[in-house]
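In what follows, chain A forms one complex with chain B and a second complex with chain C.
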Partner chain A sequence: MSRFSPLEERDGKTVVRVPFTRGLTLTSGQTALALVGLVVLFGLPFLAGLVGLSWGRLFRGLLFGMAAVGLNLLLRHTELVSFGHAAFFGGGAYAVAVMAAHLEVSEGILLLLSAVIVGTLLAAVIGYFVAGYVDIYFALLTLAFNAVIFATVFRSAFFNYNDGLAVRVGGDNPTLFGLAWTDLGYDLVLYYTTIVLMIVMLVLMWRLINSPFGRALDAIGQDRTRARFIGIPVERYVWYSFTISGLYGAFAGGVYALQRLHVQPEPTLYVFVSGEILFMAILGGFTTLVGPLIGGVLLVYLLEATRFSFYYYHAPIGIILLAIVLFMPKGIMGSLPDFFAGLRRRVADPGRLGDDVRSIRSMVRQSLTRATTTVRILVFGVK
Partner chain B sequence: MTTERTDDSMAGGMDRRTILKAVGGSAIAVALAGCTELLEDEDDAIEDAEVPDEPIEAGLQTFLEGAPAVLGVQAQYGAETAVRRINDNDGIAGRQIDLDVIEEGEEALENYQQFVNDGKEVTFGPISSGNHEAMVPEINAQGVINVATDGTVTTLYEEDHPPDENTYSFRFQNHDVMEALAAAVEAVEVLGADEIDTYAGINPGYAFGFDEHDVFSAGIEQLTGAEEVYDGFPDLGTDDMSTHIEAVNSEEPDVLFSSCWGGDATLLLEQGHGAGMFDNIELMVGPVLYGSANDLSEGLVDGPIRSGSRNFYWDEPDTDRWSPAAALFEEVQDEYGVVPTAHFMSGYGAVTAWATAAEKAVRPLGRWPEQDELAEVLTGHGFHTPAGYHTMANDHQCYSNAHFGELGWSDDLDAAVIENVNVYAPEEVSPPQGEVSLEWIGGW
Partner chain C sequence: MIESFAVHTLNGLWYGVILFMIASGLTIIFGVLGILNLAHGELYALGAFVVFSVVGYATGFVASPDDPVSAVIFGVVVLVAALIAATILLPVGAFIEAVFVRPIYDRDEVYQLLLTYALLLIFIDVMKFGWGTSPLDAGTYRGLNQIPTTEIVGFGYPSYNIIAMVVGVAVFAWLVWFFDRSKTGRIIRATAINRDMATAIGVSTDRTFTLVFAMGAFFAGFGGAMVSIGPQTAFLEMGLDPLVLSFVVIVVGGLGSLKGAFVGALLVGVISRWAIWLWPAVELAAPFAVMLLILLLKPEGLFGTWGEIE
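Then we have the complex of A and B:
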């Protein structure tokens, strides 16, 4: 293979080297999947409508998913569960809104920059205080900081209470790259700018988690004491990762504000939003890089769209999520390799399908037996 | 300052032609005003108009779950009742309405976008003022009319979206200046300006509560020169009001103002009675206490408490003398088994405003109006409901009489009522078009 060719031989198989990643290689199947993903991502504004999906909703899903990618740096590597990441998403969103509403800044890129700066600073400050804690203490502290920020915004005239702030100066959409756009043009430019930045940020995240720093975070996640013994400055590294994690949330929140053009505390800063971001990471597969992104799209879509089909719309959402958690415990993306491996085995040996049917039948039979026993005990008591 | 009651002989003496003319003379306008018996044998030229055959697709977003459902479900009942009446009377120019109702949640803007994508010709809601504020620019960008049921923050059409920047967004329910000022005027009516030296406020700690407190304070201070001795803002959905009640008991203000609603209102009354708060104040005025009419109990309505009921109280005018209100009350009891509150009228009136304007537009056009034509007709449009006469003003804010009365109990209904109702005309409790409320109050 040529030195400049992206293809190389590894263990007898041809793999594709992904540019700018210093070592990320994909099999042919993974490459095909990644290309499909890129085509879908770039074609989304035009493809979504064709299949009856809302592009705007998918866009918001990607943004929350991006916040979940940031959160996943902590969850997957340092094994810290943060219940407060809405603080950075909302912090970024409110930075945009405050700059537009109070300081009349109308350039979208400047607004986005302010979101990243404010959200990251917020993460740096909170991270400084929580970096030394683990487990439930870490979770509760992050939740407490989130709750304090929410309450401050909710009750402050400066932030216009729960009514929130508009991201329009003089009633107009912000400019992007110094130009005023039509509504559609604004949405498209914002979307494609975001997608390009998002891909860059994903590549950077990949490089980060595969760097010595990323390995150190893994070590911290496995055993803090041992990590300290081998010379890793644990608290400092957790602080850094918390700040970087917050940066991703702040970026996503900033774009969210530019996309929605009105920021309110409940959809951006409420502690339940932190829970949703965490759940997005788990749902999509927190052992993967892009899983949280998929989780974000799926959860946002379910939360926003099912109410148009079901009166008690929380019920079907709950059932779908339960099914994913029960049957795909590694999340959607995390379960894909197992799923494809299982599929390949069944294609090679269709007899396994018979075993599957027998397993399901046996599972149902056992469940029914248990249910019957429970009902009998409830009605007739234990005899 | 109150509006005089209509004399029995006046209502009884109004002939059929006069009433038909008064309510707009069309089938739907008459039906929604609650006067369907007047429609018999009436020829209607609108039948010749060229209108599409398919039904009107409409959407309503309101709170269907959680604490705000106390208000939101009433709005749903109201909108459904108006739609049922329209469809029972052959629709608008022959077009029936299909109404989709969905949970408002925190995604009102996204819900509106989905409604538009789904091809809705008109949308109604939301309840929340913040949600409403987020929606207005999008409504004007999409160009599909929305008539908000509530979302009553004052500044929305006064400052943030003045008429020259707003074409398609309308609001039916009175804005919050009207009810907060009605509360101030009511306090003066009941106690007399000279008897009010101090006042206190316990209001929910979010935009609505802060807004109501500011307006009431401005109003009562202008009317009486009273001094504020306490202002408390419990969290929305709190489970304890005791610190605020103790503060009121300690200060013993002449008037206590509270815009608490739903569970907060019942909790305040419960804990207030338990702590003897009503022995330490001369009067409590609450613009939306009656929104909890179906959740209050007899013991809670005791004491010097006067409640507002926004632009509708079901028994004003008296249902014995005003058959449209009597018929509506009976229909709501039969259909839903509840006492209709002002939020019922929010839903009913929003649909009625749009439907009567649409029918009005079809008549001269001879066809179904475009969105911009309908918006033009809706601006300045006057129409009747069983609550009375309503005007959709040039700022897209609808104006109706505000109601206030003494909170009481009806054994017959086994529900709260308000008695000795005072009715305030819009010009008494809201600024003239183009003026900002707080500046206008400052000039009293």
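Then we have the complex of A and C:
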């Protein structure tokens, strides 16, 4: 293998070295998965219609997923649970709306830039206050900040209360790169710009979490006291990572505003949205880089599809969430390696299927026993 | 001026007492089980819905449409209805703990938060199934639209609010006595401090945990019942704002401290009502400003003992 070839030998297997990512290598299976992902991502506007899915929904899913990728920097590495990341998503979205509605800025790229700046500043301010806290205090404080921002927007005439603001100057869509587009052209240019930026941001995130800074965050997550003893400025690093994770949310929120062309407080800023962003990271697998993205696409699709078709749309999400927490804590992407390993073993040795049936049977029996025990405890108390 | 000061302070104290009931449930659940129950606000809402159904039946017996009930009968009806509503929530809380919360005690916080968040979502639909999406309000029940008032410093104040305040203080006194003096309360505290040791001396932690969760649900439901009968209505998302505010209360008072929760609740209640009176624009932000100030000056809260019930 030449020095410039992307192929490399490792543990006797040929792996693909991904450029610009410092040390990210993929096995053949992962490469295939990544290529499929890229093709789907770039072909989405055309593929979605073919299989009867709504492209707009998938696009919004990717955006919320991007916010979840940002949140995951805190969740996975510093092990802090933020319940207030909708503040940055909504902050970015509202920055776009305010610039367009009050200052009449009509260039989409400028609007997006202002979203990132405003959202990141917001994250820096909130992060400054919460960086010293851990565990439940951290979750409560971020939730409280989120709640107060929502309340302020909801109650203020400047943000037009619950009706929100339109992102149109003089009734026209924003321009992108200085050009006015037709409706379809606008959506496509916005989508492809976002996709390219998103891939760059994912690569940057990979670089970040595999840098000394990322390692320091891991150390903080494992044991703050020890991290402090080996000389890591804990609060400052948590503050930095909070700000960076806010940046991702703000970017996503800004694109969301440009895509919807109308920003309301409830779908962008509400505390529920924070919970959803957190859920996306867990659902997709928060131990992986792109898991939150997948979780975002799935959850937004599910939420938007159920909201307009069913009277009871909270409970299905709640039940799925419950099942994920209880039975699949690694999420979708996190469970893939186990799944493929299991599949490979079963292809090699079909006799294992009998074991599977037996283990499912014993699982059912165990859960039945637990259920009866629970009922007994409820009715008669214990022992 | 004096009069509106008195009204808003009284309203604040009343709201503070209600907040205390929710916050006390959260505090004891967190203090003993280490679980932050996000579904708590929906238990509060459930209490409100149940009490409307109960009162709807009860007032049918004690009042006719043209004849407002007397203050005493009204007070008794309200109290009994609130107690019934809260009692219905006891098994609900026990069921949640035994079935859903028990498997996740040893898991990461994020799973605990997500699990209770999932329960919150499910609860919303359960209530939607039971009572529909339109809000219930007191006026739809006979007799309740003419709430009796009591004379205090020269103006009429709803006697119902006074009853609620007295009851709230009684609940606080009972809780302090319960955890300080009673045998069960001491066992619960011992379990909170050291689970393994409590098991070793023969305490059934399973039963203790179920009991604590049920108690938490009881007080949430009681708070919901007390707040909804007054000038308020019951609606599906009514639990969210008090839930967030009771987080503020807990942080202000110190996580795990009942006395802290009481003082914090009164403080937050009075400040939010004063804000409505003096500067309505900051009403929602005022409690959070107080919380920030206290966190910056005294991070463990007013009576803080990190995560042990006291």
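Note that in this section the second predicted complex is superposed on the first by the 344 of 383 C-alpha atoms of A that agree within 3 Å, B and C clash if a C-alpha of one lies under 4 Å from a C-alpha of the other, contacts with A are read in each partner's own complex, and residues count from 1 in each chain.
Keep this in mind: contacts are C-beta pairs under 8 Å (C-beta built on N, C-alpha and C of every residue); 3 or more make two chains touch, one makes a residue touch a chain.
Note that the structure is predicted; figures quoted are calculated from it, not measured.
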Using the touch definition from the top, say if A:14 reaches chain B (first), chain C (second), both or neither. neither
Per residue count on chain A, the busier partner among chain B and chain C is C
(request) Classify the contacts of A:367 with the two partner chains as first (chain B alone), second (chain C alone), both, or neither. (result) neither
Based on the superposed arrangement, let me know which partner A:162 touches: chain B (first), chain C (second), both, or neither? first
Looking at the overlay, does A:261 come into contact with chain B only (first), chain C only (second), both, or neither?
first
_Just checking: does A:359 make contact with chain B only, chain C only, both, or neither of them? Give me first, second, both or neither._
neither
* Scan A:222 for contacts with chain B and chain C and give back first, second, both or neither. => neither
Query = Counting only touches as set out at the top, which of chain B and chain C does A:211 meet: first, second, both, neither?
reply = neither
Quick one: is A:307 in contact with chain B, with chain C, with both, or with neither? Answer first, second, both or neither.
first
Overlap of chain B and chain C contacts on chain A, residues 155, 311, 313
Note: in the complex, chain B contacts chain A through residues 64, 100, 102-103, 105-107, 109-111, 113-114, 117-118, 129-131, 133-134, 137, 141, 153, 160-161, 165, 205-207, 210, 233
As the complex stands, chain C meets chain A at residues 30, 36, 38, 91, 94-95, 98-100, 102-104, 107-111, 113-115, 117-122, 124-126, 128-129, 204, 206-207, 210, 240, 244, 247-248, 250-251, 255, 281, 283-285, 288, 291-292, 295-296, 299
Chain A contacts chain C in the complex at 75, 79, 81, 83, 129, 132-133, 135-137, 139-141, 143-145, 147-148, 151-152, 155-156, 271, 275, 278-279, 282, 311-315, 317-319, 321-322, 324-326, 329, 371, 374, 377-378, 381-383
Within the complex, chain B is touched by chain A residues 54, 56-57, 60, 154-155, 157, 160-164, 166, 168, 171, 183, 260-262, 264, 266-267, 303-305, 307-308, 311, 313
